[in-house]
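The same subunit A turns up in both complexes below, where it pairs with subunit B and then with subunit C.
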Partner chain A sequence: MSDFSLTILFASVLATAAPLIIAALGETITEKVGVINLSLDGSMLLAAMVGFMVSYESGSLVLGFGAAALVGAVIAIVVGLFGIYLGLLQVAVGFALTLMCKDLAYFLGNPYSRLQGPQMLSIKIPVLSDIPFLGPVLFQQPLIVYVALILIGAIWWYLFQTERGLELRAVGENPEAAYTRGIDPRRKQLLYTAIGGALIGLAGAAYSLGIKPGWGRPQGIEGLGWIALAIVIFGGWHPIKVALGAFLFAFLQVIGITLQGIWPSVPAQVFQVAPFPLMIFALVMVNLLQREGVQGWVKAHPMLQRFIKQLQGVPPRALGKSYHPD
Partner chain B sequence: MRGVKQHVTEIALILGMVTLFTALVLSLVGASPLDAFGHLIKGSLGSWSKFSRVLNVWIPLTLCSVGLLYAFRTGLWNIGVEGQVVIGAIGATAILRFGMEGGGQMHVWMALLLAMLFGVLWALFAGSLKVKAGVHEIFAGLGLNFVAMGLVLWVIFGPWKRPGIASMSGTQPFPRELWFPTLEGWRVSPFALGLALLVIVISAWLLYRSRVGLNLDAVGKNPRAVRLFGLSPSRYMLIAIMVSGALAGLAGGLQVSGVYHRLIPAISSGYGYLGLLVVMLANFRLAPVPFIALFFAALNVGSIQLPMMMQLDSSLAGVIQGACVLSALLVFGLRGLKKRRQSNE
Partner chain C sequence: MQVEFQQVHKQFGTVQALRGIDMRVEGGTIHGLVGENGAGKSTLMKILTGYLTKSSGRILLDGVEVDCSDPQVAAGHGIGMLYQEPQDFPPLNVLENFIVGRDCDHDLNRTEQRERLTQLADKVHFTLHPNDVLEKLTVGERQQLEFLRLLGREARVLILDEPTTGISDQQKMLLFQALRQIRDEGCTIILVSHKLDEVEALCDRVTILRHGQVTGEASAPFKVSELLEMMFDKPPSVDVVDHHYHPGGELLRFKGVTAAGERVGLHDCSVSIRQGDVVGLAGLSGSGQGLFLRLAAGLATRREGMLEFVGQSMDKLNHKAFRQQGGVFLPSDRLRQGLIPGFTIRDHFALAAGLSSAAAQQAAEQAIAQFHIRGTPETLAESLSGGNQQRLQLALIPKSARMVLLESPTRGLDVESAHKIWRFLRGDFADQGAIVFSSPELDEILEVANRVLVFFEGRVVRDLLADELDYEHIAAAMTGK
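What follows is the complex of A and B.
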C-alpha cells in the first residue's frame, strides 16, 4: 500500500471503534449492576436489521436508531425478567437469545437484503476540521462517533460521580446491603439492564446505518458482540479502559486490512480472524497479571507496578447471581 | 403419576408457546403459518430419503450434545465445541489425504481417531486457559472457535486447495474407498448410527452409574467440598472437557468421511452451538437429548424447503429452536418460582 497515511489510519480506527464502544459501555452498565447480558452478538444483529428496515421504510435515520434502541432494550428486559425475577441462569438465557435473535434477524430481514438505504454521512465541524491531522481524524466523522466519545465521559461521570451511580454500583457489589439502605435491587437491575440494552441496540444500528451500511447475509458484524463482551472484562469494568480496549481491537482490525495489502500471499481470511484470538490473548495476559507469583515479581519493580495496577480490574461481586429477597 | 402429568402439561405448554410465536413471526413477513409448517414436516419426514438426511444431521448433533453433558456436569460451558468439530474435521482430512492413492478402510478409522485426538487437544487448550489462566471458558472457547474457522479457510484456500481453483466448495473430493462404510442403498450409514447409539449407551452408564460420573457431578455442584475428599476439581474439569472435545472431534471426522467426503468451510454447520441449545432444552439430562436432537435435525432439514417453496429464509429453523429453549426456560423458571413460594409458606 503506497498511499498509506496515518490520518486515514487513525480516522478509520476511530470510526471502527465507535459502535464497539457504545455496545461495550452498554454491557459495562449492565454488568456493573450485577447482570450479565450475553445476548450481545444476536441483539446487535437484530437491532442492526430493524434499524435499517425502519429507516428504509420511513426515510428517517432518527426513527431507525430509535427502533434499534427499543429492540436492544426489549431483549435486555427479557434477560432481566428471566434472570432477575425467575432466577434462571443469566448465561443460559443470554446464549439462547443470541442464537435466536441472529436467526430472527436473517429471517425477517431477508426482503431487505442488498437494498440501498439511508445512511449517516460524515459531519464536518467548521473551523475544528481544518486543524492539520487532528481535524480530519477527530472532526470529520459520522455523528455516531461523537456520540460514542461523549458517552465514554458521560457514563464514567454517572457511575463514579453521582449518587445514582453509587447506588448502581452498590447493587452490583452487594444487593443485600443495598436493600437494607432502602434500594430495591431488582428494580435497579432491570432498569439499568434495559438502558444497557438500548445502547447495545444503538450500536447495532450504528453499523447498518453508518459504519457498515446496509443489510445482507452475512452482515459482517457477526462475532463483534462477543468481542464487546470480552472488551468489558479486558477493561476491568471501567468505562475509560473499556473504550481503550475497543480502540485496541479496532486498531487490530484496521491494521489487518493494511497488512493484507502488504503481504498478498497470506490468505485474507487469516487477517480477518486474527484480531479475535489476539483479543483473547490480551485477556489471558490481564488474567495472568493477577496471579500471586507475578504479583511478587511486580512488587520488586515499582515503575512496572504503577503501570500494571492500571490493567487490573475486579468484577462486580454479585455479577450473574440472582438476588432473592426473603 | 403426578410427575408424568406435570411433564406432559409442561411440554404442551412449551409447544403451544413456540407455535404461537412462530406463527406470529411468519405473519410478520406475510407468510401463511400453516403452509410453512406443512413444508417443514413434508421436507423432513415426507420420504425415506428426506428422513435419511435428518438422521445425517442427528448423528453429529447428538454426538456434540452428549459431549456437552460431560462438560456441563462440572459446571463448564464448553462453547468451544463448534471449533472442536472443525478441528476434528481438519484432522480427519489430513489422514484421508494420505490415502488419496490406493488408501482404504484403515485410513478411515485412523482419520476418525485423529479427529478425536484433535478435538481433545483443542478442548484441552480451552480447558487449560480456564483452569490455569483464569480465562472464562466462554471467551477461551469462542476465541478458539474463531481460530478454527480461520484455520479451515486457510487450508482450503492455501495448502489443500483444489488443483486449479481454490473455492468455498472445499477440497478435492475423496475417492469412494475413503468414505465411511455404509450399506448399499442407504443414504445414512447404519454404522455411524450405531456409533452414535453406542455413545449414548456408554454415556448413560458413565454419567449416571459410574464413580467417574458421580465425581463429575460433585465437582459441578460443590468444588470446595470435593477437595476435602482428595479430588482435584480442575482435573475433573479437564477430563470432562476432553471427553466433550473427543465427541465433537468425532462428529467433525464423520462429517468429512461420511457426509461431505471432503473438507468444506461450513463443515460444522453450527451443530456445536445447536448442541448447546439441545442440552439446555433437555434441562441438562441425557434421556431427552436423542429425541430433542431428532426434532432439531428435522427442523434443520425441513427448513431447506422454505427458500424454494415460499421464498423465505431457512433461518426459520433457528428461530423455532431458540423459541423452544426460551419457552422451556420460562416454564422451568415459573416452576422454580412456585416451588420457592410454597416452601416459604
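What follows is the complex of A and C.
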C-alpha cells in the first residue's frame, strides 16, 4: 500500500513540476541575458487558452503547442522592444502585460470554456516503464514531462558549455563590455527574451493540454507564473537549481493534496494555499544565508559551507537595466 | 601601424568635447596622450575604438582612411583598448573572460584557449589562473587579463587609458615591461595618462590636449615644466583676494584616516583645519578630495583613524551630528544631492528650517533679494540655472554655520557667478569659521584659498600655506612629480 502511494506521489510531483520547470527555465534564460519579463503569469494563461483553442479547432496537439509558444514569444518581444529598445521600465511593461493577458485570455477564451478537447496522454516507454517504482514514476508520463527534463540539461549545457551561452551570460553581466567586444547586446537580449517567452508559452499549453486539461475560469494556474519568477530567484539563476526549486514547489502542492485526504478536518484551503507561503519562507531562508552574520557562522562549519554555497545565487548584474550605446 | 587623426571633432549635445584634433602616432612607438581631466583624451581614444562615433574628421591607418563606426569594425583593423574601468565580466572566470567576444578566435576549443592564455601570460611574465573567478582578482590582475586578451587577438594598435590607476607598483613594473616588449615587436601603443613620471618613463613621444585641442607635442627626453605649461592654463597674473592668514582654534581634525571609496580611496590622512582657514583641495579629479569632504561631513565610513569635529569624535556615519555642530556640505551634484527637483525655492526653505508656509515665503523672498537669485519663491529648483542653484544652496546655509565644505562649488558657472559666490563665502564664513573646498581648477584654488592640500592617488602629498603657493609646484605635485 505505502509503496503504491509513494509511486503515485512521485509521479504526480514530476508531472506537476514539468510546466513550472519549463516556465522557470524560460525566465532564467531571459534574466540571464539581463531582461526581466514580468509578464509570465498572464502570458502563461493566454498561451494556455490559445493552445487549447487551436488544438480544439484543429485537432492537433502540435499546432496547439506551437501557437502557445508563439503567443509567449510575441508577448516577450513586446517586453523586449519596449524595455530594451525604447528604454521603458521593463518591470512596468511586464506588469501591465500580465494584467492585460489575463483578462484577454478569459475574454477570448469564453466560448471554449468547459469543453472537452484533445489532451496529451501518458507515453509508456517500453522496457523502461517495467522497472519497479522508477518505471511508473519516470517512464509513464506525458511527453511534456520528458521535454521538461531534457530542457534542464540542454539549457544548462547551452549556458555553461557553449560560446553562445557565454555571450548570453556576458551580456547579462555587463552589456557595455560586451559591446566593446563586438557583441550587439540589444539584439542578444531581444533574441533570448523571445526564446524565453516561447518556453513560457509552452508551459501554459502544458497545463491546458496535459497537466490540467481543458479551459475554464478560473483555470487553476493563476499565480503559478509568479511562483515561477520566485523559483528563478530561489534557484539563483542556475537552470539545475531552478528545476530543483520547481520540484520543491510541486512536492509541496502534491503533499498538500495527499494530506488533505489524511486530515479531512483541516479546511481544504489551507492545503491549497500552504505551498505559496512555504515557498516564500524558503526564499527568505536562502536570502538569510547570504547575510554577513550567518556567513561568519557558516565559515566555522566547513561541511555546511559547501552545502550553503550551493544555495547562493547572484543576480545578473545588468538585470532590468536597458543598455544604450552612445 | 601608423595612426593619424585629421580634424576630428566630437560634440555631446551642445558641448564641444573635441575641436579639430590633428595627431599622428608612428608605428612601433609608445605615444603618450596627456592632459587634464576633461581635456578629451578618453573621448578621442573611444572614437578610435568605435565605442563613440566622431562628429566629423578623418582617421587614417597607415595612410588609408578607415571607418571605425563600431567596436567590431575597429577590432577588425587591429585596434584594441584597455579601458580605464575594466570592461570585463566579474562573475565569469578568467578563461571565460579571455574567450568571450566576437573578436576572439573561435576555431579553438577550450583546452586550446587555455593553453593560449597560459602561453601569452608566460611570454609577458604574468601569473593568472584560468579557473579563478574574476571577482577575486585585483584590479591589476583584471587589467593583465584584458591585456593578454588583446595580445591574443593580435592587436596592432593598443590603447591604454590611465592603466596604472589602482594597481600595485609591482604590477605597474610588469605592465611597463610588457609594453616595452610588445613595442619592440612592432605594436603601436597609445598611453593615455596624466601622470608625467609614467609618461617620462615609457613614451617616445607625447601629444598634449587641453579643452579638446592639441596644445603641443614633444619627443623624449621631455622637459616636465614645458609639458605642465601645455597641460594647464597659464597661471593667473593678478591675485584677486588678499591671502592674509590668522588661524584660530581647531575645528576639524583627521588623524591617520584611511577609507575606501572613489577608486583610489584615502590613505593615512592627518590634517588639522582651524578657524579662518580657507582650504583648497587641489588634485586631479578623483584623487581623494571628494572622499575627504564626505568623511569630514560624516557621509562616508572610515576604516582606520580618528576624526574629530569641534573637539568631538565623529562616529562612523553621522551627518546629523555634523550639521548640528554647525557643519554644512554642498556636493558638486547640486540637483541630485544638494537640492530637491520638483520642490520650489519656498519649499526648500520650509524644509531646511522647518518653517511654516508663510514664514518660508518670507525667507525665500529675502534670500532671492540678498543672493540675487533669478526666480520667484514658486520657481522649481530644476528650472534655475546652475549659478542660481548654487546661490540657492548658499542661501540655505544657516547663519550659525562654522564649517562649510564645498565640492567644486563653481562647477559649470561663468566667471561672474563664480566671483559672486566667492565674495559671499569669504565675506560671511571665512572669519567666523572655516571653508574647505575642492576644485578641478587650480587657478580658482590659488585665487581664493589661503591654504592648499594637494591630493595624489588618495594621499595628501602637500600641505601648503598662502606664502608657499606656487603654481608650478602644485601642478607638479598633482601629477605625482
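Just so we're on the same page, the second predicted complex is superposed on the first by the 322 of 326 C-alpha atoms of A that agree within 3 Å, B and C clash if a C-alpha of one lies under 4 Å from a C-alpha of the other, contacts with A are read in each partner's own complex, and residues count from 1 in each chain.
One rule holds for everything that comes next: contacts are C-beta pairs under 8 Å (C-beta built on N, C-alpha and C of every residue); 3 or more make two chains touch, one makes a residue touch a chain.
All values derive from a computational prediction rather than experimental measurement.
Colleague: Regarding the shared-chain residue A:Tyr207, is it in contact with subunit B (first), subunit C (second), both, or neither?
Modeller: A:Tyr207: touches no partner chain.
Colleague: After superposition on the shared chain, which partner residues are touched by A:Tyr56: those of subunit B (first), subunit C (second), both, or neither?
Modeller: In the superposed model, A:Tyr56 contacts neither subunit B nor subunit C.
Colleague: Give one of first, second, both or neither to describe whether A:Tyr323 is in contact with subunit B, with subunit C, with both, or with none.
Modeller: A:Tyr323: touches no partner chain.
Colleague: Touch test for A:Trp215: subunit B only (first), subunit C only (second), both, or neither?
Modeller: So A:Trp215 meets neither subunit B nor subunit C here.
Colleague: Of subunit B and subunit C, which one contacts the greater number of residues in subunit A?
Modeller: B
Colleague: Considering only touches as defined above, state whether A:Arg169 meets subunit B (first), subunit C (second), both or neither.
Modeller: Touch partner of A:Arg169: subunit C, not subunit B.
Colleague: Touching A:Phe10 in the superposition: subunit B (first), subunit C (second), both, neither?
Modeller: In the superposition, A:Phe10 touches no partner, neither subunit B nor subunit C.
Colleague: For A:Leu104, select first, second, both or neither according to whether it touches subunit B, subunit C, the two together, or no partner.
Modeller: A:Leu104 contacts subunit B only, not subunit C.
Colleague: Touch check for A:Trp156: first (subunit B), second (subunit C), both, or neither?
Modeller: neither
Colleague: Mind sorting out which residues of subunit A both subunit B and subunit C touch, each in its own complex?
Modeller: 326
Colleague: Quick one: in the complex, what on subunit A touches subunit C?
Modeller: Counting only subunit A, the residues touching subunit C are 163, 166-167, 169-170, 173-174, 176-183, 314, 317, 326.
Colleague: If we count contacts the way the header does, which residues on subunit B are in touch with subunit A in the complex?
Modeller: 25, 28-29, 77, 79, 129, 133-136, 138-140, 142-144, 146-147, 149-150, 153-154, 157-158, 273-274, 276-277, 280, 312-313, 315-319, 321-323, 325-326, 329-330, 332-334, 336-337, 340, 344
Colleague: Touching residues of subunit C toward subunit A in the complex: what are they?
Modeller: Spelled out, the residues of subunit C in touch with subunit A are 49, 51-53, 70-72, 75, 81, 83, 87-92, 96, 99-104, 106.
Colleague: Spell out the part of subunit A that touches subunit B in their complex, as residue ranges.
Modeller: 38, 78, 82, 86-88, 91-93, 95-97, 99-104, 106-108, 110-111, 217, 223, 226, 229-230, 233, 267, 269-270, 272-274, 276-277, 279-281, 283-284, 287-288, 290, 324, 326
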